[in-house]
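In the two complexes that follow, subunit A is the common piece, with subunit B as its partner first and subunit C second.
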Partner chain A sequence: MSQTHPEMHERRILHTELMWSFGVGIFVAASLSMILFTAFTISVNPPSNVERLDPKTLHLSGEFAEHNLGTTVGSDGSVTVRAIATQFMFLPRCIVVPANRRVTLRFASPDVIHGLLITGTNVNTMVVPGFVSQVHTEFTRAGDLLMPCHEYCGLGHSEMWATVQVMAQDEFKPGSDGRISCAQR
Partner chain B sequence: MRNAERLCLAHFWVAFAAFLFACAIGTWQMWVRSPLGANVGTPGQYFMSVTAHGVSMAYVLTTFFIMGFGYFVAVTALDRALPGKLWAWAAYWVALLGVVLTVIPIATGQASVLFTFYPPLTASVWFYIGLVLVVAASWIWCVLMLIAMTEWKRENPGRPVPLAMFATVANAVMWLWTTVGVAVELIFQVIPAALGLVQTIDVGLARTLFSWTLHAIVYFWLIPAYIAFYTMAPRAAGGRLYSDTMGRLTFILFLIYSLPVGMHHLLMDPEHGNATKFIQVLLTAFVAVPTLLTIFTITASMEIAGRLRGGRGTFGWIAALPWERPMVLATGLSFVMLGFGGFGGIVNMGYGMNAMVHNTSWVTAHFHLIFGGSVVIMYFAIAYAIWPRLTGREYQSRAPLRLQLWLWFLGMMIMTLPWHWLGLQGQWRRVANFNYADPIIAAWGPWVIVSFAGGIILLASAVLFVGNLAALHRGPALGIVRPLYALAVHPPLRVPAALNGFGLWNVLVLVLMIAAYGYPIAQFLIDPSPGAIVHRVR
Partner chain C sequence: MQSDTSSAADSPFDAADDIDETALADVMRSVPLGAAVLAGTAVALLVLGYLAVYLLVFIPRGTVG
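Presenting the complex of A and B:
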């Protein structure tokens, strides 16, 4: 296979390369189209609410004061969970949510960077001091799930996790104040 | 090249000593996390170990290897003496001092912040000063690479810079851009906090600056592997490089697209909006281009070699390749790992899939497979290829070299494929131990043990690698020095100025960086986010 071989002609090489580049272009365009398509049609977007909150004072008043933490059902039926991620626990340590209903999860950190995921779901966010992290989701099955801290936050990091109790719709009965806590099992 | 050989060997031995140490403690960490090692070690020991593993692999192995390899390429590809040899040695000692300063606080437990050191968690100030010294030393290396290329161009007007050197300088230029983010974070935010000069830190800004460095640094580590693909593998296989121009374009694309994409590491972060995230995801998609072009060009080059050796048919040329040569074998194994790892990378890029895998074992698996697998196996191949020239000695047998490469490949696959699976199951990363009494976690146990077995194979391979190199220092004297660098099918006589230097591309990088990072950084300068209180690890 010398340089005079027709396959090795300079123009032939360029032609082959352009063909391949065309394929690469199609591949890149297809990948991006998928991301855009799912973002616009079924709202697959990263948690990006960009909401600032002072980590030094968030526990004193407002939505992340202790009495506001946990699950709240609004008068319009919306379900909101508020939790604090702190060295080395989540407050509250157990979160209750209804199955098959849209839930808004809101997290904040008073100290260092944390992060969380809920096993078997698409819930995943960093919790960065100075900001509120917000995730919308719908839990599809009743049962207990793990919610661990997934960003290193200090030597006690491995012990930092909470439980998410997903209740069937008919078991999920908030009190008259719209508040509901985990069932003791 | 007498002195240059000592310079290269000094760099490589620091790199590989750090590598062997990091492999050993990495294997220990896998044991501790597995059901077999429950109750072994304390979290303090574990996170000290993870910090040491990350720093050794990501900062010491890479920086020293790349500097040593750059000096080697500058001397051999340009065929002229290295300019500023005293500066090179000064940089070496500064970097080594930096490593010592970094290691002491890690070993005393005052820097268990992992190699990503996300504030407001803060380590001893010496940890950061040591890292800054390593980076500063690498800047001297960058300048020396630029000077070597500029002097060669002056002596050889109009001639194209040899591809190996062109790529090395592309990496140096990219590294200068890359390190700006982390340098600003360290000097203006983290070090003042570690010194106690400030009590709070803007974490949103710190994460954004770190992300500037976080992706491109991986390409800094990766480019030596691509240099071997383009300039060494075709020659080792007995063929020609399919296209020199494609090589140049690939390295230019790496320079351009590895920088304005770091925010894809922050997709799950609350401090940036969807629009800025999407701009960087858009640019991230283009990062796949240089790798896809490389797979094509190198496969075509290998096909030339296979057919020259008598290979026939659509796939017959593959069997005809000289797989007994370490460089050829490593290239093949690297491509397999690049295939799996590249697929994983494309998954990471999508918003929806990223939410499934962010900060799970999938991510740990991804970068171990891409960097530890496809890149580091090429570091081995490069070391095996150039060690005879550095030492003036010859291998008695190449069998231990092949065994070592195969062990590394098998170990990496056995370790990282279960990690990918566990990540999809939701196994989170960066923890010292798992509660295997929990039914969800208990189901992961067997796969964790399989990946631990992969880790043991990797450690065996690492020991064999260092043993192979050490043995060569006592091998028989080198007979014939074979040419190292591949010729192109059509060696370029002249190339456009744009493909022979980086002036134009630096302007483009600047424009893209302003587009991608201008607003995300400016927002914190215009209106700082509420500061978080500095937390010292001890």
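Presenting the complex of A and C:
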């Protein structure tokens, strides 16, 4: 048996591995290009907001005091939702938002790390004590959506969820103070 | 315990001695291609699944940030 056979096999295997590496390189480059393309063209980015607040006093005054929680429509028409994630509930337990309109969601936690997602949307964030979690989104369909806590926060974690009531534009009518709460059905 | 009548194939080391080098060369000629096809098919299915979720679910749901 000639000694060239093992070397030939090794060359062939090396060739296959190089081809595989080339294919993987193409895939990685294509994935990164797609991520960059969608980031620059349609602003697909992870939510990023670094904003501190004191978790020990957030319920006493300021933005996350009880009377500020819920949905507020500003004088410029901007819709902002403020909610607290706490063991083991969201306050308020029902959030109302308009459909097909940009909404700013702001969350804070006074106790432990929570997380939330809104079903059928890309809203998905952690709520870390000491920071404000902020997500901008636009809800495209009217209806009730589930918003559960998705970060284990204690024994009552599985009971911690809220409802997001997405209203059609013509049903979304805030009061003179710009506040609106969930419709009773 | 090994019996006196054991065949060479009982031990992988003994069995290796029985393999014809020419047959081994024939097999080795197609092994890299087979491995590439198998791994390529598996990875292609994974990539297709990722692309389907990304393009048909994630992007239509709109942006957050």
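Rule of thumb we're sticking to: the second predicted complex is superposed on the first by the 172 of 185 C-alpha atoms of A that agree within 3 Å, B and C clash if a C-alpha of one lies under 4 Å from a C-alpha of the other, contacts with A are read in each partner's own complex, and residues count from 1 in each chain.
Just so we're on the same page, a contact is a pair of C-beta atoms (placed from the backbone, for glycine too) under 8 Å apart; a residue touches a chain by one contact, two chains touch by 3 or more.
Keep in mind the model is a prediction, meaning the values are calculated, not measured.
**Q** Check the residue A:L146 against both partner chains and state whether it touches subunit B (first), subunit C (second), both, or neither.
**A** It touches subunit B, and subunit C stays clear.
**Q** Can A:P47 be said to touch subunit B (first), subunit C (second), both, or neither?
**A** In the superposition, A:P47 contacts both subunit B and subunit C.
**Q** One more residue to check, A:V73. First (subunit B), second (subunit C), both or neither?
**A** neither
**Q** Quick one: name whichever of subunit B and subunit C touches more residues of subunit A.
**A** For subunit A, the partner with the higher number of touched residues is B.
**Q** Give one of first, second, both or neither to describe whether A:R12 is in contact with subunit B, with subunit C, with both, or with none.
**A** It touches subunit C, and subunit B stays clear.
**Q** Contacts for A:V81 in the overlay, against subunit B (first) and subunit C (second): which applies, first, second, both or neither?
**A** After superposition on chain A, A:V81 lies in contact with neither partner.
**Q** A:E138 contacts which: subunit B (first), subunit C (second), both, neither?
**A** A:E138: touches subunit C, not subunit B.
**Q** Does subunit B (first) or subunit C (second) touch A:A99, or do both, or does neither?
**A** neither
**Q** Following superposition on chain A, which residues of subunit A contact subunit B and also contact subunit C?
**A** 1, 13, 16, 20, 27, 34, 38, 44-48, 120, 122-124
**Q** So in the complex, which bits of subunit A are touching subunit B?
**A** Touch residues, subunit A against subunit B: 1, 3, 8, 10, 13, 16-17, 20-21, 24, 27-28, 31-32, 34-35, 38-39, 44-56, 87, 109, 111-113, 115, 117-120, 122-134, 145-146, 148-158.
**Q** Give every residue of subunit A touching subunit C within the complex, in rising order.
**A** The contact residues of subunit A facing subunit C are 1, 5, 9, 12-13, 15-16, 19-20, 23, 27, 34, 38, 42-48, 120-124, 135-138, 140.
**Q** Spell out the residues on subunit B that touch subunit A in their complex, using ranges where they run on.
**A** That would be residues 43-44, 47, 112-114, 118, 120-121, 200, 202-204, 207, 242-243, 246, 266-274, 277-278, 281-282, 285-286, 288-289, 292-293, 296-297, 300, 304, 307-308, 346, 349-352, 354-356, 358-360, 425-426, 428-433, 438, 440-441, 489-490, 529-533, 535, 537 of subunit B.
**Q** Taking the complex as given, what residues does subunit C use to touch subunit A?
**A** On the subunit C side, the touching residues are 21, 25, 28-29, 31-33, 35-36, 39-40, 43, 47, 54, 58-59, 61-65.
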